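Each of the next two complexes has chain A plus one more chain, namely chain B in the first and chain C in the second.
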Partner chain A sequence: MKFTVPVKDLAQALGRISSAIPQRSPMPVLENVLLQLEGSMLSLTATDMDITMTTTLEVRGERNGALLLPARRLVDTVKALEMGEVTLDADLNSKRTLLNTSSGEYRLSGMDAAEFPQLAAFNPTITITLPSAKFGGMVDRTSFACSTDEFRPAMTGVLFQFRPNEIRSVATDGFRLVRVIDHEMQPQVSDNVDVIVPPKALQLVHKAFGAEQMTLEANSTHVRFTDGATTITARLIDETYPNYESVIPQANDKRMVIRRDDILGSVKRVSLYSNSQTRQVRLKLGGNALRIQAEDVDTGGEAFENVPCDYSETEMEIGFNSQFMREALDRIEADEVAFDFSTPLRPSLISPYGKSNGQEVLMLLMPVRLNS
Partner chain B sequence: MLKMSQRRNVSEMEGEGNGEWRMENGGLLKFSLLAHTTLLFYIAPRIFMAWDSIIGQARAKNLLRAAIAGGRVPHAYLFTGTEGVGKDAAAIELAKALRCEQLGPQGTPCDACRNCQNVAALQHSNVRFVFALPTGKGEDGRTDSPLLKLSDGEISQIQEQVAMKAVNPYHNITIPRAQQIKISSIREVKRDIAFAATEPGWRIVIISEAHQMGEEAANAFLKTLEEPSPNTLLILTSSHKEQLLQTILSRCQEVRFDLLTDAEIAEALMARNNIPRKDALLLSKLSEGSYSRAVELTNSDLQQLRFDVVAFLRAALKRSPVSVFTEVERLTAGNDRRSLERTLMLLLLWFRDAMMLRLTGREESVVNQDQLKDIQSFNSKFATASTERLIRSVEEAIGAVRGNAQSQLAFIVLALRMESICYS
Partner chain C sequence: MPIIHRLPESLANKIAAGEVVQRPESVVKELVENSLDAGGTEIAVITRSAGKSLIYVSDNGKGMAEEDAIVAFERHATSKISTQDDLDRIMTLGFRGEALAAIAAVAQVELKTRQAGEELGTLVRVENGKVMELSKTACERGTSIAIKNLFFSVPARRKFMKSNATEFKHTVETMQRFALCYPHVSFALSDDDTIALNVKPSGLEDRIRAIYNQEMLNALLPFEASGDGITITGYIGRPNFARKSKSDQYMFLNGRYISSRLLSHAIFTGYEHLMDAQSYPPYVLYLEIDPERVDVNVHPTKSEVKFDDENGIYQMLQQGTRRALSNHNLVPAMTMPPQETGEGVLAALRFALPTHDRAEPFRTVPASPSPSGISPSGTSASGSTGNWRDPQPPMPNRNREATAGVGKDVLEQLFGNPNYATTPTQSTTQVPGSEAGVTFQQQVRSVEDAEHEHRLGLWQIHNKYILSQIRSGLMIVDQHVAHERILYERAVKSMEAAMPMSQQLLFPLELATNPAEFALIRELRNDLTGLGFDIALERGEKVMITGVPNDVRAGQEAAILRELLDQYEEYHQMGKTDQRDMLAASFACRAAIKAGDPLSEREMLDLIEQLFSTTMPYVCPHGRPIVIRIDLGELDRRFGRTS
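Right, the complex of A and B next:
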């Protein structure tokens, strides 16, 4: 195998797939990058057995072939090379590989490409083209709420529901739930398709993809995202997602509308005085005003802020985990947000107030019980 | 195993071929380049295929093969039995049979397809092999993956041990500081099972020496045992069944692995390790029914030890305290309990020879053939001494050493007892 390529291109391509290389693995073969050259197309593949990333780039190919090279060494070397061109020349029998630049030569030994785990054939049942930015926004708005509890594996992923005229994404950890419905991305699937995608794969997609459009393909076991030259294939979580619709309250009749920046800023400041374990803040509502307060009995700290809001229902007090509040409010893109309360012990809903951009965002937050 | 770390040698070898050398006798010299070290493995010519690669254990093998052939594989097996009798080997063989693309009659894997080879190499994406690991510096058992915080050196040790297990399923994985199967390893298993299988078909998780799971890990694992996923087989192996939680025991189908007979071990040593017959017989007698213990003994300085033991006996019977002390000091110099036990086992074997010779008069019943003369002269000189009592006193000494007694004291007491038995 032999090719020449600008250092910058190779470094970029390696950078794209490097997040899929496992840091530590009992399988030494996974610490390698698979290089495959056919004509002028070089493809680089890395996998941790859960997620496989492949990217292709144009090179000046001289001799076709495939080889495994130690990932860390290759990435570090290429990253540190001076700008210019690099020629990679590998003897496929001895696996000895030479990297030649105008000023030097680097020798490394590879492994037989056949040792790399082979991906089972992937036959997608659905193929959808999506605007990357919009999909990325959807991912960003949901994946933070995933559970990390292996005892409820379904909830460790983001549920995507593809319907003929909408896409829904849902994440929950049992304390909060996010549901985003996008009416503009029309998947044009004939059947309903539900998949649970591990958040790590979604983060990689978010990080590695830059093009305007991306393709999503899925079957019952795998999902594949493609963005021009790069594909990310991930194993799905093969579990039944809990019936999340049943926990979303339909009759929360106490609505508070408030400027997002105001409440977010107040929560950030006041929560500094909350108990470091519970992170609890107390919301007192009544007469078009919101009072956010926190106290930490352990350190004797106490704080409150008054924020003007639109609330004309009966007075009430409700407690929340301030971190969950911040994480939810941070991800709502709107000037004003609406809180829909029922009673202090029942779930509350947060949603953007005013015009939507084709996405319907709903965040559910479980309150915490107040002591007095 | 040879270990080479000089890069120069490595590059010379690479010129020879594809990561392995075929030896004249059909054996294979395999080398693998790891991040820090280069490993060389000698693989004896493979004449043992499929289930034949497991020594003895006819009952267990038949049971497993019948389950495969009849499609009656339970969701969880527990293989119990002494260390080194083939529990892990059988688990790997079972995984192979379930994954094999061309399964022969009676659940015999073909050993040739990609699945069989990957399972055997412990590199199959659907087969997970779990074992005790050390804990890294500042590791958070809740969030960190089991290998994340380990040093590069530890990682290559682990990779090395896995590679050795792949070459020889009877190899006992030993990693320094690895006392527990970590809860993070169990979490990883749970996560893995929740994911769609990488490849369609059976998914197998082998938990080697499952009693090494800490209480927390064991409880976390219970949930997985209780809610089996379709097409997923959990195989637990354990040489200390009594240390497993009752709740785990009750959720697995137990398969007992018997102690191997001396003949089975001797035969395996001759065929697999190229050990001459007389040595193989001696080793098998010392191995207490465990093949891997027998192999372990081949690496020790057994010959020298055998003569040291006789020297110790001689000193005791000479009634010379000085020479007893010298011999005891020599024998207990290493002060490693395992080898002290071994020393006493050799003495035990020697008395057994004396007893056999006395009772049957048949010279071929003697294991220490090269010491036949010594044994005969002992028998004639101490014809009245009870070999049974001698054997019992050695057994007591073994018990004392196992019970963490001061080793020199145990040997001196033994010497005095032997003396009084012989001269009573």
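Right, the complex of A and C next:
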């Protein structure tokens, strides 16, 4: 295998896939990058078995072939090279590989490409073209709420529901839930398709994709995202997602409308004084005012802030994990937000108040029972 | 014909002997007590066949005149008391006047005694309770008495004697008690020419070293408590030296060994949760109480005692124990045997004590209450320390340092200059220039400053231990037990609150149970709610969890509840009774992060920060150490840096 390529191009391509290279893997072979050259098309592949990322670039090819090269060393070397061209010349028998630049040469030894795990053939049942930014926004608003509990695998992923005229993304960890419904992206599927995608794949998509449009393909076991030269293929989480619609309350009748920046800032400041473990804050509502309180009996810290709001229902007190509140509020793009409460032990809803951008965002928070 | 008649004296004595003389050890005990009551300062005990064929006790006490020597063998004959008042104010070990008569009833006895100022002594030989010989003899001042063929006239008793080794073991234990109780008296004990004990008059410290070894000495902390006419002095063991048997527990009341379940329980509870129920802290304690206020005449062997104010003594012991423990650095430092070099060194790593403690003169109680000490009430300040706060939130914690009480002091003792010890010491291993009173926080800070701004000086190794550089060297924390301690204290606190916090769940967790588990959950439901588990019981033994404690690992709630119940059952079977305590311990054990859980630097900092705001950051609820320290001096020495 031999090719010549501008250092800049190779560095960019390696940079794209580098986050898919496992740092430390029980299978050392996965710490390599697979290089495959056919004519003038070089493809680079990295995988951790669950997620596989491939990117291609144009090179001046001289000799076709495939080889594994140690990923860290290759990435670090190419990143550090001076601008100009680099020629990679690999002897496929000895696996000795030479990187030649105008100023010197770098010798490293590779491994047989056959040792790399074979990727299963992928036959998509649906193919959808999406605007990258919008899809990224959905991912951003949901994936933070995923569970990390390996014992409830379904909840460790983001649920995507493709309907003929909408896309939904849902995430929950049992303490909070996010549902985003986009009415503008028309997936044009004939059937309902539900997939649970591991958040790591979504992060990679978010990081590596820059084009305006992207393609999403899926079947019952895998999902593939394609952005021009780069594809990310991920194994789906093969589990049944909990029936989330049934836990979203329909009759929360106590509404508070408040400026998002006000409440977010207050929660951030007051929660500094909450217990570092429980992060709990107390909300007291009544007479068009919200009082946010926190205390930490361990250190003796205590704080409160009063925030004006629209609330004319009966007075109530409710506790939340401030971390959850911040994470939810951080991801709502609106000047004002609406909180819909029922009782201090029932789920509360947060949503943007006012005009929406075609996406319907709903955040659900489970309260913390307060100690009286 | 009357069928009730008075027993002949010899038979009555034999019956009494059944109570007083049970085995060779009880003979030794009675005779040595006599020697001590006679003012002997050199007491030798020689036995053959563990005392079955011969027990010989000699002393250099005041001896007896001839007429006394004969009367001594009669029942209820004693020189030690004469009036009711004397009985109410017993100052001597013996007083019932039973022992010699009882022994003489079941063995052949030969007594030689001479008082100072007399030329010849008296020899009395008694067999089966009858005086067989009475004559003058040449002998040393004091009394010597030989008991031959114990139980020769009571075959039933003889049969019940155990093997020589067992019988002798009892004798050794008794002699050790005397030796500990009377350090100014020299004691010797040998059996068939094997010397088992030979101690010269000394201070208590040397006596302990002579009976045990230096290590035992290092394991002890001075104990002192007094009030209301009661004085208690002595030593208690460090928690990590707890034994699995009670054999190293010694309590002496007015010079008499006593055993009292109540009082040893007082000490045990003083350790709070520093050790588990199967462990027994070693202790040597001396109670001095006005004899009028105690009744030792409960049982002929006099090891059971009644007090007029048991509660008062209980409190004194419990609080004194707490105080002794909190006054001392309980973090075990690690040292290696100095003679070891080379490869065996790592294998030889073992617990030992901070060098400064060792250098402390043993008998002295820390005079200048070590840097401001811990309030004598001994009650720890929960959640006090304002130290160890992470630098990020600009909280007013630093102001609290001045008033933070215990936390700060403990930290100072832990990590401050070990030279705080009360007397000039030869703690040569100490790093020169370490400053007194540096809190852990400051130490970490200084480490930070010295290195990169963003490093906190915390490392996790093998996802199991947290390493931290501290001023005096290296600190190692076991992450699981550290978290366990934190959760335990929080759980106890939480159960006391009327309505504890509970994170409500969106999807209630279902816990399938069998009828027994269901019943257990129903029984414990209130306290489980106290921990933060909101539970609904449904038909068909279905348990729905609708709320969980805030501090359990997300997603593990159901598993933790189930394990908690198992653990609770286990504790229950081990005989623990305090329901809440068991629940708290079970919860802490199951909910704590495990060895193998990777932690971020942030999490490590939080963990250690919280650990040092617990009341007892050194030992987990099961008695395992949480923190180990390796002094820089020790490291220096290992690397050959010490001159």
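Note that in this section the second predicted complex is superposed on the first by the 372 of 372 C-alpha atoms of A that agree within 3 Å, B and C clash if a C-alpha of one lies under 4 Å from a C-alpha of the other, contacts with A are read in each partner's own complex, and residues count from 1 in each chain.
By definition in this document, a contact is a pair of C-beta atoms (placed from the backbone, for glycine too) under 8 Å apart; a residue touches a chain by one contact, two chains touch by 3 or more.
All of these numbers come straight from a predicted model, not from anything done at the bench.
Of the two partner chains, chain B is the only one touched by A:Met111; chain C is not. Of the two partner chains, chain B is the only one that A:Ser94 touches; chain C does not reach it. Touch criterion met: A:Thr148 reaches chain B and chain C at once.
Contacts of A:Thr77 after superposition on the shared chain: neither chain B nor chain C is touched.
Shared-chain residue A:Thr45: touches no atom of chain B or chain C. Using the contact criterion defined above for the overlaid structures, shared-chain residue A:Leu177 touches chain C, although it does not reach chain B. Contact with neither chain B nor chain C is seen for A:Ser18 once the two complexes are overlaid on the shared chain.
Touch criterion met: A:Leu370 reaches chain C, while chain B stays clear of it. Shared-chain residue A:Tyr273: touches chain C; no touch with chain B. Comparing the two interfaces of chain A, the one with chain B and the one with chain C have residues 148, 150-151 in common. Across the complex, chain C meets chain A through its residues 383, 386, 389, 393, 395-397, 400, 490, 497-507, 534, 547, 550-551, 554-556, 559, 606, 609-610, 613. Against chain B, in their complex, chain A makes its touches with residues 23-29, 31, 49-50, 70, 72, 93-96, 109, 111-112, 117-118, 120, 148, 150-151, 153-154, 156, 198, 220-222, 235-239.
Interface of chain A with chain C (complex): residues 147-152, 172-177, 242, 247, 272-273, 276-278, 280, 297-301, 319, 321, 345, 347, 364, 366-372. Only residues 10-11, 14-15, 17-19, 32-35, 114, 123, 125, 143, 145, 147-148, 150, 155, 158-159, 162, 187, 190-191, 193-200, 220, 223, 229 of chain B touch chain A when the two sit together in their complex.
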